[in-house]
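Below are structures written as structure tokens.
You will see chain A twice below: alongside chain B first, and alongside chain C after that.
On to the complex of A and B.
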């Protein structure tokens, strides 16, 4: 034995009740579990009082670039995530001809908000093919990866500039099919496509120019390998999303493939939308189709600055009018005591600033100690009001101060809890690694286990663990992962069920050239094993263990 | 009762990408109701069309204003943004 995880309560991912016992790991895999296990020479990880579960699998990430300089995908690993799926939303970094790199960088920057430095000097770009990209990843991979190949880059490879001009010819379709097959042979877990995303010029990404015949042809290739089709539907329009569910169901049935779409989130403004989509999903699942809606666990926040007119102010005419002014005029208005008095009267009727008190400062300010502070706390300290503080900070920082109004959507615990517990819902859509300068996309599993399992009781611990481990592995076809059982990968998350959660969002300057992003540390997690190696622990932090594997292959078959 | 579709109500809601969106509830003469979601830029065009800057003032606005906006911005008329 290499490791014995001693004395924990095992939730094995199957959904069956937890039980007490040890877990033994050897040569990267689970070899025994349950009861007391003794083995001379084995290292012991004390899990007394903790839950011992399979490592979590995050099916919707954009870690494609980050993995090239951070093979641990921080901070995902410390949240217990041991396998990630990058390449979502039609975008991947391969296959990609050298001449098209800048084009795709622009798309990544638009979608992931990844700074220039992330692409310029942070790694050596020496691949074009998908297997070349995987080879580059494997050099320092500490987390398991099941990468999607992006429809947009496949189009770009075959059609060049025409990828954003027209439908494909029959010859081009055949070439795309061949290219997709090569990627799947190399280890891709499926194909991602998007009907929504835009590039840095706000123009549709290449996948959006494809006719249905193209998607059908590519789905046929997926069918040969039994691989996943991931789709971003027109999530802002429920009727179109329903049509996409039907379309995905037809592809799923025709080619025997799993499909998944995201995002699907609850909104207080339109609470009837999600039940409509779920009813259609249930109908199609009953036919035997696999159409998995991905639902995120965390609530949705609204970020804003005074530089542009956020619709958050559209219910306050005087504010919205001010926000829509040009910069100079806006600064002048916000500097005018009479004008500001009218703004305050509108935002804080009767002097009640409660609406703004919980809004937090999140960036664009010179004093880092302000980050994360609420306008309410700052107002109290300054003898001011929350809205006045918001105006003052904006003026002091040339309108660049940014703010966040937290938990404004997907925040009805009862509705979202019931949704997450639905047997047809695939828990995912974290978007980890994307939107990095707007909000933190890490710790969704901690939020699931803390808020929805422990605090709300929306799911049992066993059911929740199953959803983010064994269910995910089954849906995505990841062999030998997602369960604690002999022969399965030694991917293990060990945590205190009374403490598990996500920490508060904080600014971090850990991107290349000290670029900023928002992160969340884990809470309650005490140890994470990847392929039998202790890769993170609360006591020692991250270990330099390049043990990550390509998760579409059997554990151990694709060692880094 | 109006013979043309009109905006019955409007609300601000958080979008998937962390930006606020404008959700419009459109009522049709046959009693059907549909929601249309606009991003900030498209909403700005709608406000210009309707010469208002107040979400509350959109109530009762005829559908053709919204239709014009969507036709002007076929790509991002609805709150697409990014996934």
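On to the complex of A and C.
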């Protein structure tokens, strides 16, 4: 034995009741569990009083770039996440010709909000092919990766500039099919596409130019490998989402493939959305289709400053245009009464600033008494409007004043808890590694286990663990992962059930060249093993353990 | 295989189709102007989008009015 995880309460991922016992790891895998295990020479990890569970699997991330300089995908690992799926939303870093890199960088920056430095000098571009990208990842990988290949980059590879102009020809379709097959052979877990995403110029990404027959042709290839199709639907419009569910069901039934769409949000503004979508999903699942809606656990909070173009302003063209200006031009515009009048007219139609009243001052201001105050309260005190106060504070603090729009939706614990417990819901959609300057996408599993299991009782601990381990592995076809059983990977999360949670969101300057992102540390997590190696512990922090594997292959099949 | 409940009808644009061509396909027998007007009113998410009124290949185009 290499390790014995001693004295914990085992929740094995199967959904069956927890039981007491030790877990033994050897050569990267679980070899025994239950009862008292003794083995001479084995290291012992004391799990007394803790839950011992399979490592969690996050099926919707955008760690594609970060993994190239941070093979641990911090802070995902310390939350117990041992396997991640990057490459969502039609975007991956391969296959990608050298001449197309800047186009894809622009798309990534729009979605991930990563600084230029993340792409310029933080790593060396040495690949064009998908297996070349995986080879670059594996040099320092400490977490397991099941990468999707993006439809937009496949289209770009085959069609070049025409990828955002027209339908594919028959020859181009065949070339895309061949390319997708190569990626799947190399280890891709499936194909991602998007019906909503835009590039840095706010123009549709290439996948949106693809006709259904193109998606059908690519799904046929997925069918040969039994691999996943992930899509981003028009989640803000119920009827369109229902149509997407039907399209996915059609492809799932025709080719025998799993499909998933993300996100599905609950919202007080459109309370009929979730029940209608879930009813359609249930109908399609009953017909044998696999259409998995991904639901995130956390409420929607968006933090922002006027320094970058927050997605909060994406629906306000005048504001978004202003936010995308350079700093000097932006300050000049915000100081121009005529320009500001147009901004206010757009943000507060008819003089109604209710939309902004609950936004709070978060930081970056010289007067500490402002922190936590709402724009509504400040506006009332100043005889102003919320949006005007937001502009004034930003100008006074060189655009560094920060704000938070909290609980914008998906925040009714009773409704979201019931949704998460639904047997047809796939818990995911964390978006980890994306929108890094708008909100922290880490700790959703801690929030599930703390808020919805312990505090709300929305689902049992065993059921919740199953959803983020064995269910996810089964849905995505990840062999040998997601359960604690002999022969399965030694991916283990050890935590205190009374403490498990996510910590408060905070700004961190750990991106290349001290770029900022919002993060959340873990709470209640005690230890995390990846492929049998202790990769993070509360006592010692991150370990240098480059043991991550490509999770579409059997554990131990690939050396990192 | 279990029956599906009725849902709002939709189609996807075919390569090269504009509003008139799609209207002729899904609303045959309806005068072109009237058919296009109907489709656009049922698909404001497309008609009001930039660039105005143009289809993307992946679009969902409703061929019936909203039910709710």
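Rule of thumb we're sticking to: the second predicted complex is superposed on the first by the 464 of 560 C-alpha atoms of A that agree within 3 Å, B and C clash if a C-alpha of one lies under 4 Å from a C-alpha of the other, contacts with A are read in each partner's own complex, and residues count from 1 in each chain.
Everything that follows uses one rule, which is that a residue touches a chain if its C-beta (ideal position, glycine included) is under 8 Å from a C-beta of that chain, and two chains touch if they have at least 3 such contacts.
Please read these numbers as outputs of a predicted model, since none were measured by experiment.
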Chain B versus chain C as contact partner of A:204, first or second or both or neither: both
Which of chain B and chain C A:439 touches, first, second, both or neither: first
Contacts of A:283 with chain B and chain C, given as first, second, both or neither: second
First, second, both or neither for A:234, with chain B first and chain C second: both
First, second, both or neither for A:215, with chain B first and chain C second: second
First, second, both or neither for A:89, with chain B first and chain C second: first
Per-residue contact with chain A, leading partner among chain C and chain B: B
First, second, both or neither for A:304, with chain B first and chain C second: first
Contacts of A:269 with chain B and chain C, given as first, second, both or neither: first
Chain A positions touched by chain B in one structure and by chain C in the second: 204, 234, 237, 239
Residues of chain C defined as touching chain A within the complex: 1-2, 4-5, 7-8, 10, 12-16, 45, 56-58, 60, 62, 66, 68
For the chain A and chain C complex, residues of the former touching the latter: 166-167, 193, 195, 204, 207-212, 214-215, 234, 237, 239-240, 242-244, 246-247, 272, 279-280, 283-284, 286-288
Chain B residues touching chain A - in the complex, by the definition given at the top: 11-23, 34-37, 40, 43-44, 47, 53-57, 75-76, 78-83
Chain A residues touching chain B - in the complex, by the definition given at the top: 88-89, 110-111, 194, 196-198, 202-204, 232, 234-239, 262-263, 265, 267-270, 273, 300-304, 308-312, 314-315, 317, 320-321, 324, 408-410, 431, 435, 438-439
